[in-house]
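What follows is a single structure, and I will ask about it in a moment.
We call the chains A, B, C and D, going by the order they appear; numbering starts again at 1 in every chain.
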Amino acid sequence: MLILQNVSRQFGGLAALANVNMTVPEGQVTGLIGPNGAGKTTLINNISGLDHPTGGTIRFRDVDISRQPPHKITALGIARTYQNIRLFGEMTALENLLIGQHGRGKATILESLVFAPRFRREEKTLRAHAFELLEQFGLQAAANTPAGALPYGDQRRLELARAIATHPHLILLDEPTAGMNPVETHQLGEQILRLRASGQTVLVIEHDMSLIQQVCDEIYVLNFGQIIAHGTHEALKRDPQVIQAYLGEDAEDGAA
Amino acid sequence: MEFLSSLGISEPVVQFALINAILGLSIYLTLFTGMFSLANAGFMAIGAFTGVIITQRLGLPLPIGVAGGMLMAGVIALPIGLPVLRLRDIYLAIATIGFGEVVRILILNFDPLVSGLIGMDVEITGGALGIKRIPKLTETWHLIIFLILISYFITRLHRSRFGRAMAAIRQDEKAAANMGIDTVYVKNVVFILSAMIAGGAGAWSGHLTRIISPGDFGFDKAVDILAFAVLGGTSTWVGPIVGGFVLTALPEVLRFADQFRGVINGLILMLVIVYVPGGLVNPAGIRRIFERLRGRKSPSAVPPTSTEAGSKA
Amino acid sequence: MNVTQQIINAIWLGSVYSLFSLGYALVFSVLGVLNLAHSAIFMWGAFIGLVSVLYFGFPVWLSVPVAMIGAGLLAVLLERVAFAPLRARGAPRISQLISSIGASILLVSVAQLIFQQLFGAQMLARFPLGSIPTDPIEGLPFNVTPIQVIILVVALVLMVLLQLLISRTRLGQRMRAVAFNTRTASLLGINVGGIFVFTFFLAGALAGAAGVLFGLAYNALTPFIGEAIALKGLTVIVLGGLGNIQGALIGGFVVAGLEVFSIAAGGSNYRDAIVFSLLFLILLVRPQGLVGQKEGTRA
Amino acid sequence: MKSAARLFLILLILVPALAMAQEATPEAVASVPMGTSACPAPATLSGEVTIGAVLTLSGGASVYGGPQQAAIQLAVDQVNEAGYLGGATLNVIFEDSASENEQAINAMTKLVEEDQVVAVLGPTLSREAFSADPVAQDNGTVVMGVSNTAIGITDMGEFVFRDSLPEAAVIPGVIGQATELLGLTRVGLLYANDDDFTVSGYEVMRDAFSELGIEIVGEETYATGDVDFNAQLTNLLSGDPDVLAVSALAAEAVQITLQARALGYDGYIIGGNGFNSPAVLEQTGADSEGLIVGGAWNIGNPTPTGESVYFVAAYEAATDSSPDQFAAQAYTGAWLLAEAIRCADSADRTAVRDSLAGIVDYATPLGVFSFDENRNPIHAPVAQIVREGRFVVLTAETGVLGE
């Protein structure tokens, strides 16, 4: 579904990503792990269009998205969450979900000015869908609360709901367990598995091995901008390079 | 009316207050979308000159002049916005200051420039002398209707998909892009709309002040327009209108304080942004004060107002 | 005579622009603040120096340090009132910009009131004639006055000193740390508030020195001397790469050169249009300035 | 058309020359109090007669508004002291235009519609006058510009007057006189191209020089607020002019003079109203040598009228500072209104207008003053040259520099 070929990203003289090759198969949960500063977030930014690779290609459902702007990529069906929550804090939870559906609306400014039937119909469906999502994520009570004022856990879930609101085929989760306790992490894992069950493809970038173990069908390991290993959780546990990367992390203390 | 005139507020004051409210709304649109643009004085100049040239040199009626002024401002905003709106916060502010100055100087030199191009002497903008003896065609009710239309437009905008996209871009442009919002498109459309409103205000005001010259639309004007929005507050569309009214009426009410006006203006701008960041009309801030009065603690994550969150570095 | 003289004119104007812009660039480089009230501080520096000579009978040379201290303290006051509360609240940089515009209007208005009282309705004031020799230096194939040479030398020396301060001293090291990241700096035990105050003082003092020298060179002071140079100064520091100190120096000479060249080429009507178009272009094409590197390397 | 202009020029040259010829000994001029009226003291007028004044008391042009206010207040006090209006007293309301067109309109509206003043002095700036005078005109109220020099001010209507000589009435005379006396042949022009006052001054200068067949070796512009004119001056001087004609406001006039001298230029500099300020002479010191200034009034005029001497003394006593041309014109304006009210013996706006339009040969600090049929002032301008730090009458002898 998503294929990365020789993707590189140079910042000045520094290579944040070097010849990354990766495939995310449809209907599966793929994991991407690696120590701090390995280039995980750079990679997800490149896939979601916030950044563009300096070399190589990214293909999504046979479309080259390497240089596409983010909104086009979203329209093609890739959604994401962020390592540090990036909700629209001044807006209510409901409005956040409406924005998530931005690309699905068709009504023009003019139509909204004159309350055209299409505008009214469309607003109604968007709202209905937003309420569905709120319910699905147990956020009904928060509908009219500014997102910035919600408790942390609710914000996390709202962000995921917002990503789903864009009707993606592929969801990129950037360290979704950051700041969560083990119980919450496990709940999130179940949520991801439910998504997979409903036919969703997921790419999880994580630090937390327990979540990876719980949900991933296949795992890539990134270190110093390069994929150093790839396989199932069981296979990687015994890979010396992976062990080295993870053990070495403490000693190097977040290099690069 | 009696009460207003007892405060020294005559009809012209009301008219200029309306113009300034419209100007406040023009910059409100860009601020609401997280763009700190100081280009609106330039667009006002373009609208004023286009409008007046249409009614005075071409002899067409005022509504066509206003429409022409708005259109011209919008048309010029397009090629300016495309490259400039890639810039953020301070850089955008500086670039738009530069734009305003270039507009002013080009209007100043417009006649010799055009005369040189077409090979005969023409008088279009009148250079530094400007265009004089413009009949006073603008009536108060014109301005009231225009302001109501703009306000209606903005309130509808806020409740539309496009308006939500504007707010989203202000709060987090990158996340907004990931939501499928074409940020470049939205920002440019807003920039053009803002320019058109400023252009309209310019065309109306040109037919009120009876004389327009390039010097009336310099950096000082850009700061004035900013002040309307900042004082009133940019968390709702009501703020800039209130700001425009207050800052226009204030000098009239304070006529006794002639010499200290500059001091008062400077203090207002500085103190409001430092100590009343949401401006005069700021529901969130009022709620916070109210809650504090009732002895409750305000929620820790209070949403910042839009000038505040105006632009992230 | 013409070409040589125009080159001299450009160098001279360039040193004025550079001198003005040093403090402007310093505040931006260390603190990330675009202080549009810098021009008002500059004017106050000139005014303080002038008052020290006219009303306190100080010798002219002494007015320079007096103005530096006075303008420095004024800048610190400004920092405390107009910037520190915003910083404490974590307000965006744009709020600081707006606040500085307000401060600038306020400072100029107050100066206007005082000028009117002291110097009459015209608000024109000057150092006593003959405070500095204004006759051209003799025996040169072009006209240059001693004060023009002094300003050029001072601009260069101050730039070098500032550069040394930032790159060679412990204080400078701390300033760079603050410039890099205020949070990290405070974790390293650096008194960040103190660095802010010091940087503003230094920038104010530079503005004060520039103001007095400017006053001596042009010797006709009004409360508005900062206004015209403010927007030019903006172009200078953008051209030099916002917050780059050598950049400010080079930017000053480039802008001055461009102005003088456009006049010499017969386009005095378009001088400012050319300068502001350049400002525009630089921001679009090379926002890091002519001599700057890519982002993330302030100071 | 051309011959009419030439005749006008000749008249302008002759009138001041004749006036100066008559008063050969300046020191002999005695101070004469204002108020030699053509009319008897008003019999029916009583109570308080209120006039208004719209001035730039704040904002960029507050430099001019301050002296105007002081001078008008002085005149009003003198009118009342002298019982010039019989049983009535004159009262003045000052309004600030903040140097902005919008505020000028607001101030004018307040005075005319709310305060119901008999007549208004001001607004200070010509562009403000174009904005605000129609308000007075529409309300049938006299408005008299005391510092408006732009073309077309009084075309706004029959209630619009001015007592300030337009540049077109001053500069051609000065230029014609200087050219004839000093034998000028090459001129360089310098002006601010973003200000209506300096641009109109420049246009008048350019036309006057071309009319006289003098070669223009260069035209340079700058922006208001500039301080460095070296590049423009270098360009002009390379054309080797024998006179620089400069249309500038006072602050820039000082800089231009100083910098031209520093660049080694020691020829004549002709300036318009902007140079006509005591500050320019004071600020430029020895560099002012050879400055030729034309204006409606100058404190340094070596041949002042008796009223002028009286005015200067009274102004200095009242304000502790020396008056400039703006003050003299504002002072004269207030007295002209008082005279019009006195002669009308009425506070009726139309009666005052008609009476004002009829003023002929009224003795003022500006000289013997009349209005022409277009309500523009007629009086002799001054043409002077600075020699050894003092203004002297421009003659063939005083004009020779460098001995």
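Rule of thumb we're sticking to: contacts are C-beta pairs under 8 Å (C-beta built on N, C-alpha and C of every residue); 3 or more make two chains touch, one makes a residue touch a chain.
Just so we're clear, the structure is a prediction, and the values are computed from it rather than from any experiment.
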Task: Considering only mean CA positions as chain centres, point out the chain farthest from chain D.
output: A
- prompt: Can you name the chain whose C-alpha mean lies closest to the mean of all the C-alpha atoms?
  reply: B
Task: Express in whole angstrom the distance between the two chain centres, defined as the mean CA positions of chain A and chain B.
output: 39
Message: Nearest whole angstrom, what separates the Cα centre of chain C from the Cα centre of chain D?
response: 38
Query: Measuring from the mean C-alpha position of chain A to the mean C-alpha position of chain D, what distance in angstrom results?
result: 74
Statement: Residues of chain C that touch two or more other chains sit at 112, 269, 272
- prompt: When you check chain B against every other chain, which residues touch at least two of them?
  reply: 105, 108-109, 259, 261-262, 309
Task: Would you please write down the residue numbers of chain D that are in contact with two or more other chains?
output: 62, 193
Statement: All chain pairs satisfying the touch rule are A-B, B-C, B-D, C-D
Interfacial residue positions of chain C with respect to chain D in the complex: 1-2, 5-6, 9-10, 12-13, 16, 112, 116, 120-124, 126, 129, 134-136, 143, 145, 214, 218-220, 222, 224-225, 227-229, 259-260, 263-264, 266, 268-269, 271-272
Message: Could you list, by residue number, the parts of chain C that touch chain B in their complex?
response: 32, 34, 81-82, 85-86, 89, 91-95, 97-99, 101-110, 112-113, 231, 234-235, 238, 242, 269-270, 272-273, 276-277, 279-280, 283-284, 287
Message: Per the contact definition, I'd like the list of chain B residues that touch chain C in the complex.
response: 36, 83-84, 86-87, 89-91, 93-95, 97-99, 101-102, 105-106, 108-109, 112, 219, 223, 226, 230, 259-263, 265-275, 277, 307-313
- prompt: What residues of chain B sit close enough to touch chain A in their complex?
  reply: 153, 156-157, 159-162, 164-165, 167-168, 171-172, 174-184, 189, 299, 301-304, 306, 309
Message: Using the touch definition from the top, list the residues of chain D that touch chain C in their complex.
response: 60, 62-64, 66-67, 193, 220-223, 225-228, 230-232, 234-235, 238, 250-251, 254-255, 258, 262-264, 277, 279, 283, 285-286, 321-322, 324
